[in-house]
């Protein structure tokens, strides 16, 4: 598939059709654990696809920013892998959890080593690495994201950030538990601040899809030709996304869609299409796994129509 | 990649090199929960690859039969999907378990619905479906396997079968627990007999690799052109194999290898290479997840050398 | 308190008052996991107290038999202690479980050693000992109970027994799990038959209270002066009853009542009053812990009025 | 038993004999999670009994102070019950946990409501109540303890206190988890400071035994005749101590000793003898439940020799 631009007109039409269909799905609830997220317009719906050839396709509110939330975990992981290489995996595992994303049970059973970098505990360990390795890890993070998104105009949403800090006691519990097992090096408060900071950045579907193309392009950002990570590490991140990116619905997502993907409670689902590019679907109402209802509908339909599953032929 | 035969000479040489390297790995222990398995020669090592083009490549003891064990779960699942379609998924989930393969804990928490068809509890539910749907499910099973393996000379190993029945109390515990939750329809003893029967069939690397090519070929057996399952169901089985086929090492396997695969305590690992064919590596010594040490070495090296990861480009 | 007969008239009046009060409590549901229990008249209510001095006090349906169910676990334990002494405690622990009575989770965590002899798994291990030690353990059991109850007219209820066997898959799951850990010696089916047999004996409040007086009387049956167990073992059984006899409400029972006690899903609660005698309250509607609602009301009030708590002065 | 002074000479001799026997037990390890505790002389051994009649008996290092640690939980609970009455039980349960004392698993399953006030999580909830109710809860606590111990010379050990704060991340994890479930009202840091403060008070066997006599005396301090709590609340505290005071060895302690008791990782075990008084045994080496080895030996022997079990006659 690599190297062949997809046909623009068909794709625009397809995304439009997918969007219309998704808008009929009114199931689910907007994340409400912090007020700043609860106030998002539940009707917002968008899909954007960006190809390694530099093509942009979109439908709906694809230029409206939403809270990146857990999808930031991908960028944190890539930053940590760039600095620490394989030592990352001494502090976080790479297995699916079989538990809700914020479960503390498994963390106790497994002596403070999180199951994977895409559940909260794992992302907090990654945040600890970033805080320890960068003098100003927040700036480093947003700088990295701006570079990949091709825009200098990404900023943290202070209201969301403050709100996350205020309501972050469950994540604090996980951080302290990992600290008690010796798996936290920096100051816990500073780690949590970094973690909530990276979750609190607003981004649009288009920006986010562009930011992820390197994972579909052997680690090379197709817009700048810069190598973001090794080819092998791009495969590896995709592999972990495939088994663990969609919380406790990852298996079903592999079954129905078959793409490496990550979701966030802001309502976005970002999927990597190896060799082709990346796609982001967004709509705020979530199912009980924490994944966007309309987002699932859109990505599933797109994968079916275009035959995108990595498990097929 | 589809349609292009791979180069025979190179491949034979590669497999031979992979085999020699693997023979230097003496870690692990032969499965010893039943005497019949404990007596297998721990030095046996083999790898066989069969392509959708009908090519056979092999190295080592590729014509020596071993106990199919858990790899039989793939064939059971496909049989159940052929008969029951999507209703299969009302009785078994499709999520990774994050627990050892014979864990009973999660089964209680999740009201008798196993996490996926590739852990023991899930395969027992599938066995229940087969027993309920076929007048003689054992014959149907071995008939299906013979058809795919292209040989009439597959038989159950009575010694292993009896031994499994005698030492099967943990699986019996799971079956009764599912029965107590209403997720067992046939007679528990009969279901367990079917389950142990399908686990107790000796098969060679070559036979097994051939049997699995349909999953790499859109559901069509390339040797007979018969449709075994729909294209979509082939993708789906591959997806579940990717997230849950290697017990609690599935994430690491996706990370390092990137192929849908299933292992068995007989020491075999069978991997699907979508579009290309199937490969089976075998050697009896197991790591603590229950996966063959040398088998992991062989499949990992093969995937790297040939660039097989479905998550790459 | 020992040696002093309590005043008959006051006691009869107190029991009558307690009964009237309890009849106003209509909370809870009759056990319905088997039809034979579901059909019991939910309005039945009784209380009977028997003293070591040979006095009998009663109110309500104290001569109506109910299914002894889990209260039989006391007699099974005492029988096993008589035969096996301290070796009993190599196969079953003596700690409260902190889990529902039929939980299988803890059994897996603790390698097939049940937490205590008063949860189902523990009583099944005890049943295994009895089956192994007695040629006809069922007859031995009912013989022991008849002796203590002072009547030859106790029989198993065949309907309840058959019903238990048919609906016993959860207990079968526990038995097989313990078998898989090597903590089951006799044939699993035979052990389960014994276990369900001892649960299926109808008995009245008066008979049951009389049967338990030896635990309040240093191990000596006050009606026959026969030594049933050592003084120390009587204390020990009372201790385990205090920490584990009331399922996952044992702590609250110790807090509000302060007497060693055991409940059964037939709706009875039997309490030992060290030095004084035994009391049994019965009414079929259960709370969500599996303890009789009216039974709790009656025993709590009795303990308060008479100042019976062993933790007080 | 109440009202009868025990014979001084016999008792002194008994305690001396018990002490000598205990000194032969060299099993176990001194608590080492903080340096300040790890440095205690492991050979220290003492036992002190104080009766409601005002008699003092002792043997060994009964005037050497040790860290009160978890035994402080009794005084915290009594203070909270005095202020809050039955509302205490809306925020903490009264059931044995069946888990190690610092388990976080159960706390997640049970939505932030600790199993009982004698595991860490429960004591932290109690600390939260005290911090919320008293302007200076630390002073209130040490004042209460001084009153009961009959001495003004009790102070916090600053070294232990600082050390606890530094190594307190597991307790912090629990506090934050409870906060996330809405079961923490005051500032988490302040609550933890109170909790560690009350744990870090050095006290002697004699002082501690005297402090606890009110629980053996209907809630009345026999040295001052002041009512510390109601008769019923004294019974209730004893009941919870009986089911949950000795960590995950509470059942065995009830079985072998039969007294309400609480242990601490400082190596002390304090037991209430209803109607008679209180006894404290101390020696720093702990078994794997966190209870003093020699302490268990001493209390067990004392209870046997004097026939103290509340479950006996």
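Per-chain residue numbering starts at 1, and chain names A, B, C and D are given in the order in which the chains are listed.
Here is the rule we use: contacts are C-beta pairs under 8 Å (C-beta built on N, C-alpha and C of every residue); 3 or more make two chains touch, one makes a residue touch a chain.
Quantities reported herein were computed from a predicted structural model and do not represent experimental measurements.
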item	value
If a chain touches subunit A and subunit B alike, it appears here	none
Subunit D reached from subunit B - shortest hop count over touching chains	2
Chain whose average C-alpha position is farthest from subunit A's own	C
Same or different contact residues where subunit D meets its copy subunit A, judged by the half mark	same
Whole-Å gap between the CA centroids of subunit A and subunit D	48
Inter-chain centre distance, subunit C versus subunit D - centres from mean C-alpha coordinates, in Å	32
Chain centre separation in whole Å, for subunit C relative to subunit A (CA means)	55
Numbers and ranges of subunit B residues touching at least 2 other chains	none
Every chain pair in contact, whichever chains are involved	A-B, A-D, B-C, C-D
Residues on subunit D engaged by subunit C in the complex (per definition of touch)	2, 93-99, 106, 115-116, 216-218, 231-232, 234-236, 238-240, 242-244, 248-252, 254-256, 258, 260, 274-275, 309-313
Subunit B - residues contacting subunit C, complex	103-105, 108-109, 169-170, 172-177, 179-180, 184, 188
